[in-house]
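As written, the chain order gives the labels A, B, C, D and E, with residue 1 at the start of each chain.
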C-alpha cells in the first residue's frame, strides 16, 4: 500500500520538473511539453487522492484534466505554429516585440 | 458740541475721500482750496470746541462699535480732554496753515490730487490719533499717519532715492509700531480693555508688567518721534516737499510719540526706571541731533536734525515728569519749526530747488520777509531769552531736569544742546542771509499771499506763545501748567535760587551759542583757504582759540558722529538688518525651499521614477521571465504562509 | 426653497448649460457666466437677509437620506461661519469672471464651466455637514481647478497643476481614512453608523487614536492651507494659474483648509487638538515668518503674493489654535480679509500681465505715473495686506494676536514680528513695481471700467471689513462660541510656556 | 512487489520527465515525454484507476503526442549539428526557484492526511461514469462546449485568410 | 428538474446562442455581421433577463448555487459582454472578422464566467475558468496578421496554461486534503489543516494570474497592448470580474476560516499589487499598457477590501468589481472608438486634443479616468471609499493608508492622460466613431456617475443568502 504522501510527492516532483522545463527551456514546444508534465503531475496527485478517499472524484478530475488541457494545448499549439509560420519563432527570445518601451520624458 | 466732535478728523477724512473718488472731476485750480477748506473746517471746529467748553470739561463722542468679540467692544469714539485739546489745536491749526501754504508752494506740481489726498488723510489720521478714546483707535491713527508720511516722503517717487527714503521711514517706524502693538496686546491681555478711561485707573495699581509695557510703548514712541536709536529715518524724510516736512516731520507726526507717552504717563510712573530712560534718551538725542546739525550743509537736513534734537527736549521733560512742559515745548516747537521749514521751503523754492546753505547764500534767494521769518524761527529755536517762545518752553524744561535723578548730568547735556542749538541754527541763518559778496539773484518781489500769511502768522506765534507760561519764580502767570494740572501732574522744581542760576545759565547758553555761530560761519566761508592765523590776526583770537579748542573739535566730532554713528553704525546696522533678512530669506529659499522641501520632493519623484524604470525593465517581453515571476509569486505566497510565524 | 441646494447647484448647472449651449461663442459664455455668478451673489445676500437662526444656531438645514446602507446623508447646513465664507465665495465669483474677460483667449465656454464648477464645489465644502458629502465636494473642487491651472495657466502650468493636485489629493485621501476611522469608532460606541456631523460630535475619541484621526484631518487641511512643510505646491500653482484661478485658489481654496480646521479638527477631536495646539501655533508662526522671508526674495510678483499667502494663512492657523474667541474670530475675519486682499492683488498682477506679458518685478518700475489708478489700488491692497489699521487684514491680525497673547506672549511677539516682515516685502514690491523711474517704455493703459468695477468691489470690501467688521463678527460669535465650548477650556499658560 | 513496481515506475516517470530538461532534439524530448506518460499510466493503474490509465495511453500517449510530433514535422525543427546543449542565460534563478518549489511542495504534500493501513480499492469505469454523468453532468456539458470552442478557435486561427 | 432548468436558463441561453451564431456562419453570404451581432446581443440580453428572474437563493444541481452574488455578477457579465460585442461591431481593425467565430467564442467565454460566478464546486470552477480562457487565446490573437497578435496569443496561451496548472494542482491538493471538491462540503467538514490553506494559496495563484495580481501580472500589459481593443476590454473587465467573483465566493462565502488564515497573504498581495501597478503605470506612454497597469493597481485595491476579511469587505469587493467593469469598458471603449483600420492608437500622444475634437468622447474618457482615479462623485470613488472603509473597519489602517497613498500616486498618470486629451494641438483626424461604440461609451460613463451617486442600488442587495 502506497502512502498518500508518497504518491503525492511523486506528483509534486513531476509538477516541479514540468515547471523546471517551462522555466529553463527556451523552445516554445518544450514549454508546452513542460506544461504537459505539470498537468500530468497534477493528474497523478488527483488519482492518488482519489485512491486515498476511495472515491471516483479523483478519476473524474483526471479525466476532466485530460479533456480540458488537451483543448488548451491544441489552441496553444496552433498559436505556436502560427508564430513559427509568420515569424520563424522557435524560442521565447523570438517573441519580445511586446514589452515596455523606454519611457519618454514626461512631466 | 459733542455731536460735532467727529467733524474734527471727519472733515479732512471726507475731504480725502472726495479727492480720491471725485478728484478727477474737480477743476485742478479748485482742488487745493477744497483741501484747505477741509482742513479749515477741522480747525474751525476746534475753535468752536474751545468756545464750546472743551477747555473745561472733556467732550466725548462714540460713533460706533468697531469690533465686538467676547464682551470686548472697542469703539470708534473720541475724547477731547485738555491734553487732546492742545494737540488738536496744534495739529489742526498748523495743519491748516500748511495747507494754505501748499496752495502756492505746490501750484506747479503735476500730481496735486495725490498730494492733497495724502495731506488731508494725514490730517485726519493725526486727529484720530490724538482724539482716540482707546488705544486701538489710537493705533489706527498712528498707522495712518505713518502711511501718509511714507507716501508723501516718496511723493517724487520717480527718484528712486526719494522712494527709498519713504520706504525706509515706513519700515523703521514700523519697528516702533510693532513694539507699540505688542504693548497694546499685553495691556489687553492684562486688563481686557483698551479704553483710556478704564485702562489707566487700573494701571495705577501695582503691576509687574508695567515695565515691559512701558518699554514697548517707549520703543513705539521712539520710532515715531525719531529718537535715538530710531532716528535714522527723519533726515532722509526731507526728500519730501517742504510743507510735508513742516507738517509731518516737524510739527505733528513726530510729536505723536510725545503725545503717546503723555497719554500713557500713569504707566510710566509705575516704571520709574523706564521713565528715567526716557529722559536719558532725550538728552542723548539732544546732543546728538544738535551736533549732527552742526555739520550739515543741506538746510533741510539741519532742520531735520534740529527736530530730532528738539524732540529730545520733550522726551527729557516727559522723563522728568514735566508732562505739561513737554507739551508746551511741543506747541512752541510746532510753531517755530514749521516756520523754519516753511521759510526754508520758500528759499529753496525760489532758488530753484537748491538745498546747500552755502549756495543758497550765494544765490541770495530769500526776500526780506523770509529772512525775518527765518530769523524769528531761529531765535525761537535757539531760545533767545525773554521774547521768544522757545526760550520759555526750553528754559522750563532745563530747570525741571535738574531735579530728576542724576539731574545735574541731564541738565549739563541739555544745556550743552542748548548751546549747540544756537550755534547751528545761526550758522545757517548767517550763511544764508548774511553775505559779503554780491548776490547772484535779485530778491524776488512780494511773496504770494498763501505763503506770506502762514509765515507771518507762525512767526507771530513763535514769539507769543511763550507768554502762556512764565518761568518759575519770574512772577509771570503759569496759565499753561495750571490749566493742564487736572490731567497732567505738575513738574517739580528746584529751590528758588537754584532755579534762578539755572535760568541764567540757560539763557547764557542760548546767547553764547548764537555768538559762537558768527566765527564759525566766518571760518567756513573762508573755506580751507582761510588759514587759522588770519582769525588770530583779525583780533578774534578768542574766537579762534575757541574755535580751535572747542568748535573745530566739535565740528569734527559732529561730522565724525554723522559719518560714523549715522552712516557707519546705525545705517550699517539697519542695512545689516535688511541685508540679514535678505540673506536669511535667500538662504531659506536655497536651503529649505529649493533645498529640503524641493529636494525632498525631487527625491520622492526620482525615487518613484527609478522604481518605475526598474519595474518597467522587468516587462521585457520574455515569456520565461514572466513564468519566473509567476513561480516566484507562488513560492513567496506559499513560503509566506508556511514559514512565517503567523502561518497556519 | 432649498436655498443651500440652490447655492451649490446653480453654478454647476449654469456652467454646464453655458458649456453646452455656448457653442464656442465667447460673448455668450462670459456674459452667461457673469449672469450666473451675479445671480448667485444675489441669492447669497438674500439668504443672508432672511436668515433666522433656528434653535440650534443653524440658519438653514437640509437633510435627506442618500445612501442609508452606510449611513451617508445629503446633509447641508449653514451657520454664521458657513455664511461668511459662502458670501466670500459668491463675491469672488463675478470678479473672477470679470478679470478673465479678455485674459482668457481660448475656449471660453469650457473655462466658464470649470470656473463655475469650482465655485459650486467650494460652496458645497462650506455647506456640507455629512462627512462623506463634505469629502465629495472637497475632491470635486479640485478637478476644475486642476483644469483651470493645467489648461489656461502659464508656462509651467502642467507641473504646477500636477503638484497642486497630487499634494492636495494625498492630504485629502488621508483625511478619507480618518473620516472612516471616526465613523467606525462612532459606530462602535453607539451602534449607529453615520457620517452625520452633528452626531459624530458626540463621539468620544481620545488618546492616541484620537490623535491619529485628528492628524488625518489635519494633514488634509494643512496641505490646503498650506502650512510650512507642505506649502510647496502653492507658489507654483498660484503663479501658473490664470488670474481667475489664482483668485479662486488664494481667495477660496486656501480658506477651505482653515474652515476644515475650524469645523472638523477642533470640534470633533477637542482633546487631541488641545494637545496639538502648541504645535499648531508653532507651525503657524513658522509659516508666518517663513512665508514673509521667502516673499522678500521673489522676483515674480505672483510668486511673491503666493508666499505672502503662506504668511497670512499662518496667521489664521495661529489664531485658530489659540482657541479662544478672539483668536477664532480673528482667524475667520483674516480669512475673509485675505480672500479679498489677495484676490485683488492677483487681479492687479493679472492686469499688469495682460498689459506687459510679464510678471517680473525687474521689468516693472515707475508704473505709477502711466497708471495712477492701478497704482492707487495696488497701494490700497498692499496696505491692507500689511495690516494697516482701518483696512481688512488689520482687524483679523489684531484679533488673532490678541487671542494668542492670552496664551503665549512669546509666540505672539514672534507673530507680531511677521507684521514687520510683511511691511518689508510688500513695500519693496510696491516700490519696485510702481515707484522709481519708468523702466519699460510701452503703451501703458490705465484701468478700464470693467477692471475698475472688479477692483472697486474688492476695495469696498476691504474698507468695509476694516472699518466696520461688526456685522460679520456678530454672526460669527454663535458658531465660534460653539467651537469654543466644544473644547476643553485651556487655562492660560497650559498651552505654552509664554506669559 | 506492488510497492517495488510503483516506486520503480515512479522513478521512470520522473527520470523521463527530467530528461526533457536536458535533451537537445525536440523529437527526443517527445519520446521521453511519451515514456513518462506511459509510466504514469502504469502508476494510475497501480493506484486503482484503470479507466484513467487507459485514457492516458489512448489520449495522451496516442493523440496528443502525435499532435506534437506533427507540429514538429511541419516546423521542421532540428538542432544545429552536435551542438552541446548550453545552459540558458540566467539559469541560476530559475534553478533555485525550481528547487525551492520542490521543497515547498514537498512540505505541503507531507502535510497530507496520513494513511496508515488503508485498503487498496480499484474504482472502476462504472463508478467514474456515474459520477461524471451524475454530479458532474453540467461540467461535462460545459467541457463539451469547451472542446467545441477550442475547435472553433483552431479553425479560425489556422485559416489562411478570409476570402 | 423543471425548476433547475429555469434556473439554468441563462447558461443554456449562452450556450445555445454560441451554437446558433456558429450555425449562422454557414450561410455566410446571406447573414450580415450586423445580424449576427444582433443575434448575439439578443441572446446575451435574454440571458440577463433570465438571470434577473432568478429566485434567490437556490441550489441548482450539485454544483451551482444561485444567490445575490451570482445574480449581480451574471448581470454584469452578460451586459458587459453585450457592451463588448457592440464595441467589436464598430471596431475598425477587425472590421468584418467579428462574425460567427468571434461572437460564438465570446458567448462561450461568457458561459464560463457565468459558471464561475455561481459555482460552488472546484472542478466546475476549473472548467469555467478554462471555458473562459480557451476562447481568449484565440480572441487575443484575433486577425493574426495584426502586429503582435500571434505573439500575444502564444504568450497568453503558455502562461495561462502555466497558471492553470497551479490552479489545477491547488484544486487537487484541496481534494487530497478534504476529500471533496464541493466547497460547502469542505467548509462544513472540520478540515482545518495546513495543507488545505496551502492548496487554496495555489488556487489563489491561478486566480491571481487571471486577475493580474503582482507578481502574476506580467502578461497583462503585453496582451492588452496587442489585443484588439474590444478583446482587451473583455480580458480586462468581465474576464477579471469572473475570476474575482469566484475568488470572493471561495473566500467569503464558502471558506471563511481559510479566508481568515489567508488575510496576511492577501494583504501582502494587495500592497505589492497596488505599488507595482501604479509604479509601472507612472510614466507609461502606451495608453493600452497604461490601462493595463492601472487595472493591475485596481485589483490591488479590491484585494485591500478582501484583505479586510469582513462583510463590508466582501460587499465592497463586489461593488468595486462591478464598478471596475463599467469604468474600464468606458475607457477601452474610447480606445476602440478612435482606432483606425490599421490598428489601435496606442501612444498617449495619439490622443492629444481628442477632447477638443470630439467633446462627447473627451468627456466620457475624462469621467471614466477620474472614476478610475477615484474622484467623487463617480462610482470609482464610492468603490474605493467602501474598500478602504472595510480595511479601516478591520483595523487594518496601515493597509488603508498604503492604499490611499497609492491612490494619490495614481492620480498622476490619470491626470497625465486627461491633460493630453485637452491639449491644444490635436491629432490629425478623429475617425467618426461608430455609433455602437459611442452608445457603449456614453452608457458606461453615465452608469459610472449614477452608480457613484446612487450606490445603494448595489449595496442593498443581500449577497450572503446562500442557502
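Assume a residue touches a chain if its C-beta (ideal position, glycine included) is under 8 Å from a C-beta of that chain, and two chains touch if they have at least 3 such contacts.
Note that the structure is predicted; figures quoted are calculated from it, not measured.
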Identity of the chain that, by mean CA position, is farthest from chain E: B
Chain at maximum distance from chain D, centres defined as averaged CA atoms: B
Chain closest to the middle [Cα centroid of all protein chains]: C
Top chain pair, ranked by number of contacting C-beta pairs: A-D
Rounded Å distance, chain A centre to chain B centre (Cα mean): 94
Distance from chain C to chain A - Cα centre to Cα centre, in angstrom: 62
Centre distance in Å when chain C and chain E are each reduced to the mean of their C-alpha atoms: 42
Chain B and chain E, separation of their C-alpha mean positions in angstrom: 79
Multi-partner residues of chain A (at least 2 other chains): 4, 8, 11, 15, 18-19, 22-24, 26, 31-32, 48, 50, 52, 55, 57-58, 60, 64, 68, 71-73, 75, 79-80, 82, 95, 97-100, 103, 107
Contacts with two or more other chains, residues of chain B listed in rising order: 612-613, 616, 619, 621, 623-624, 627-628, 631-632, 634, 638, 642
Interface hub residues of chain C, defined as touching at least two other chains: 158, 162
Chain A - residues contacting chain D, complex: 1-5, 7-21, 23-27, 29-30, 32-34, 36-37, 40, 43-44, 47-48, 50-52, 54-60, 62-64, 66-68, 70-75, 77-82, 84, 90
Complex contacts: residues of chain A adjacent to chain E: 4, 8, 11, 15, 18-19, 22, 28, 31-32, 35, 38-39, 41-42, 45-46, 48-50, 52-53, 55, 57-58, 60-61, 64-65, 68-69, 71-73, 75-76, 79-80, 82-83, 86-87, 89, 95, 97-101, 103-104, 106-107
Chain B to chain A touching residues, read off their complex: 612-613, 616-617, 619-624, 627-628, 631
Touch list for chain C against partner chain E, complex: 67-70, 106-107, 132, 135-137, 139-140, 142-143, 146-147, 150-151, 158, 161-162, 165-166, 169-170, 173-174, 176-177, 180-181, 183-184, 212
Partner chain C, residues of chain E touching it in the complex: 356, 370, 375-377, 381, 385-386, 388-389, 392-393, 397, 400-401, 404-405, 407-409, 411-412, 415, 418-419, 422, 424, 454-456, 459-460
